[in-house]
Amino acid sequence: MLYAVTMDVAIPHDLDPEVAASTIATEKAYSQELQRSGEWRHIWRIAGQYSNLSIFDVESNERLHEILWGLPLFKYMTVKVQPLATHPSDIALLGGADGGGQASQAG
Amino acid sequence: MLYAVTMDVAIPHDLDPEVAASTIATEKAYSQELQRSGEWRHIWRIAGQYSNLSIFDVESNERLHEILWGLPLFKYMTVKVQPLATHPSDIALLGGADGGGQASQAG
Amino acid sequence: MLYAVTMDVAIPHDLDPEVAASTIATEKAYSQELQRSGEWRHIWRIAGQYSNLSIFDVESNERLHEILWGLPLFKYMTVKVQPLATHPSDIALLGGADGGGQASQAG
Amino acid sequence: MLYAVTMDVAIPHDLDPEVAASTIATEKAYSQELQRSGEWRHIWRIAGQYSNLSIFDVESNERLHEILWGLPLFKYMTVKVQPLATHPSDIALLGGADGGGQASQAG
Amino acid sequence: MLYAVTMDVAIPHDLDPEVAASTIATEKAYSQELQRSGEWRHIWRIAGQYSNLSIFDVESNERLHEILWGLPLFKYMTVKVQPLATHPSDIALLGGADGGGQASQAG
Amino acid sequence: MLYAVTMDVAIPHDLDPEVAASTIATEKAYSQELQRSGEWRHIWRIAGQYSNLSIFDVESNERLHEILWGLPLFKYMTVKVQPLATHPSDIALLGGADGGGQASQAG
Amino acid sequence: MLYAVTMDVAIPHDLDPEVAASTIATEKAYSQELQRSGEWRHIWRIAGQYSNLSIFDVESNERLHEILWGLPLFKYMTVKVQPLATHPSDIALLGGADGGGQASQAG
Amino acid sequence: MLYAVTMDVAIPHDLDPEVAASTIATEKAYSQELQRSGEWRHIWRIAGQYSNLSIFDVESNERLHEILWGLPLFKYMTVKVQPLATHPSDIALLGGADGGGQASQAG
Amino acid sequence: MLYAVTMDVAIPHDLDPEVAASTIATEKAYSQELQRSGEWRHIWRIAGQYSNLSIFDVESNERLHEILWGLPLFKYMTVKVQPLATHPSDIALLGGADGGGQASQAG
Amino acid sequence: MLYAVTMDVAIPHDLDPEVAASTIATEKAYSQELQRSGEWRHIWRIAGQYSNLSIFDVESNERLHEILWGLPLFKYMTVKVQPLATHPSDIALLGGADGGGQASQAG
């Protein structure tokens, strides 16, 4: 089950630099482990922002929350969650058939 | 080069139903052709909305604009564009090396 | 899996009154069928608004979208979706044990 | 009488960790006592947020304010209150009769 | 039980003038009847706006919704509802006693 | 001359508790003196918020500003001011006559 | 007593051109009459907008509302009202004295 | 050339009181000098706010920026700038002629 | 004197297509004439939007307003104006000297 | 490839003045080097703001992000990025030909 998640990071300017550095290092390892397990499907930097756009593929809302709550930088983030569904225009829906029956949801 | 694009569709309630239906059908074909060519990499429905989140992979801002401007439903859409860059935590950056040198941009 | 959904309804003032009336009647039947099946767990009117706050219990984002997209009044609604998870303070988590181990997520 | 209440929590990053921990523990006990008494009917975590959506069932605006003002984390919260009323499509309104007379408020 | 309600009115410019005029006349009678019954305690025009700020004194959220939903101009209004409680600085709380015990909620 | 004023209070969490307490006590006395003089006609707590909605009856904008600027908690408040006028539906306008001549401003 | 008023005008594109033209002409005469009487002290066009910023000098909130409500274009306007007071840095406050006693309100 | 400028002041609560006081005193002198020179034409307090609305009459955008950037309180201000133009309804445009030729821009 | 202007265009979907086409053609000619005269220095399409970002170089606010007001599409536009000034980091300020004296305004 | 970037700077008032000064000096040098290389095509101060509007001409989203992320003041900035495309009314498109074929995108 897919979710688009946007994370905007704002580390307080008066945070101890060592705490900041170690939190950021832990964040990277945490993210990469979930990418390897397949639950964190995509992560992109939004150009010009200390933000990322990520796609998660998890079994439930519970699991999504567990992952996000556990982010080492969570307390410095503003997070936006959008649950996703299949789009009727997605060519992945097309097998041998033409998919023409779902035109009413295009856009 | 990647871009995240959100399209919110609002078809006027007094639009001629035949015009609406044929525009939606054209939209679907237009999207699928670009998916097949590889420029429209992902399209997801945002659950509960007449909106999609899409990822485009195009050569330039010019080409992105050309594609979006040409959308049959463009005049009924509110479009948001976010240029994307590689995220330093992306495991795709990891080859045989450890990637540890870029921890400073995690999050 | 639970979702909070807010639906704000704005029926165009120049919509044919008969179309409006029959759409509203269909909406009611549609909602009640889903309440009976258990997927539409709660529906409340937000006082002073043509809006409702609803709680859905469905198996996936796909199913949630299917239900909302099918609402007879969907085209006249602004819909907000919030995926929900268990709250660590929820007394439903307390069996014979004391639940004290999860205090860190309270609030 | 029902109210939907959304609480967004933002604990200052420079708050003494012991103060934070004890406040969070007190918050949990406070919430659970009110859940047991029946006034705090539901509490859900909003996935990906340090926020909850709660349903209160209290006798008056006065009582609602007293409860919210007394929350140990109140000073770190942004609170949104929505008074609720019965929705005409709610199947709880249906006894042996068909409830068809209130279709005009559906949606 | 008190509620502050703000009503912003926007009558569509293409509404039949006779329908508009009769709806406005009905609105006035409706409001005045509720003022006489004591439920609509105050109504003020917000200077420079087609808006009013009103104070309602009703027995429940249900009753408040019933009144607002029944407003002849309801479909042309944007309505904001704020449930009210007694303020600890209100001198109405002062009888023979000094009221000093509630200073912590002033402001 | 009437004004509706909303005051949202946000006391910095790191303010000296004694300073906070004494400021709050002074605020209460200041408010009650103006209530007794008749200039601060109403003060209500907005349920669930550290906010109040107040009605002032003063001779001028100058006087209103002088009162608000002098609030002991002013520096911690976000203040919203709305000048008020008589509403044409107000039954206070009705003497022996019917008031029917002002229907055009109802709502 | 002074007020700053911003008026944003949005004439519906499908309004009868003759109605629009005569309303605009009436608006101009209405404004000029009030400028001559001294109540409408300043009117400036906000560059690039169909908007004006005006300063009114009237005896009360009631009179301000009466003027604004009577604007021929009122129904097509979004109006913002800000009551004004004397600024402590205003040199008009300086007579033979130095005015230094009010420095605490500068800014 | 005229500009409307709104300045909202927010002095940090933990700023050294002596620094605050001397900055405010300097601000007042700075403003009064520019009022005397004719560049700062009007300054009004917005009632109930630590804000002013000012009208500047300067030769260029460069000069406006130089003045605002030099404000002693600039670093604590949120500033909004609106360039102004002559309004076609302004009676200052009326000499012996009737000015009727510009009715199309009224409002 | 420079101004950044953003124009968002929203042509009503029910506008006569011939009127729309001829207005758009006139708009293009109007823009190009001003580009040739040097007052409309830059015009860029904002990718994915029916919007442009333009830089104007005109002698005054009056002239800027005259140009914008005269845009054939003005009535269908939302316009945002930002007056510009020289930036202290601009290398155009550097002649033979080093420009180091203005470092305090960088950013 | 062009991008419009707006940077709003907010240096924390309690930042060490020497750190602030050296960061600002580094920012200036960084900007000027990129202006000389041709990637930072324009930089303007937005009048009355600690903000700039800049035009970048870079080869990709990646390069844009690299530049912005490397800004010495980045951590104190709110950045807005808008990818730009050629506007069909741009006279730079006109060679010997008339450019008339693209009128449909004007505005």
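Per-chain numbering from 1; labels A, B, C, D, E, F, G, H, I and J assigned in written order.
The definition used in the following text is that contacts are C-beta pairs under 8 Å (C-beta built on N, C-alpha and C of every residue); 3 or more make two chains touch, one makes a residue touch a chain.
From a predicted model like this one, the values you see are computed outputs, not experimental measurements.
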{"item": "Chain J reached from chain B - shortest hop count over touching chains", "value": "1"}
{"item": "Chain D reached from chain B - shortest hop count over touching chains", "value": "2"}
{"item": "Winner on C-beta contact pairs when G-I is weighed against A-B", "value": "A-B"}
{"item": "Chain C-chain E separation of Cα centroids, rounded to whole Å", "value": "28"}
{"item": "Geometric centre distance via CA averages, chain F-chain C, whole Å", "value": "37"}
{"item": "Where chain B touches two or more other chains at once, by residue number", "value": "2, 11, 14, 45, 47-48, 50, 61-62, 64-65, 69, 76, 81-86, 105"}
{"item": "Touch relationships between chains, expressed as pairs", "value": "A-B, A-C, A-D, A-J, B-C, B-I, B-J, C-D, C-E, D-E, D-F, E-F, E-G, F-G, F-H, G-H, G-I, H-I, H-J, I-J"}
{"item": "Interface residues, chain H side, partner chain J - complex", "value": "5, 12, 14-15, 61-62, 64-65, 68-69, 74-76, 79-81"}
{"item": "Interface residues, chain H side, partner chain F - complex", "value": "11, 13-14, 45, 47-50"}
{"item": "Interface residues, chain I side, partner chain J - complex", "value": "2, 4, 7, 9, 11, 21, 24-25, 27-28, 31-32, 35-36, 43-48, 50, 52-53, 73, 76-77, 82-91, 94, 99, 102-107"}
{"item": "Touch list for chain G against partner chain F, complex", "value": "1-3, 60-62, 64-66, 69, 81-86, 105"}
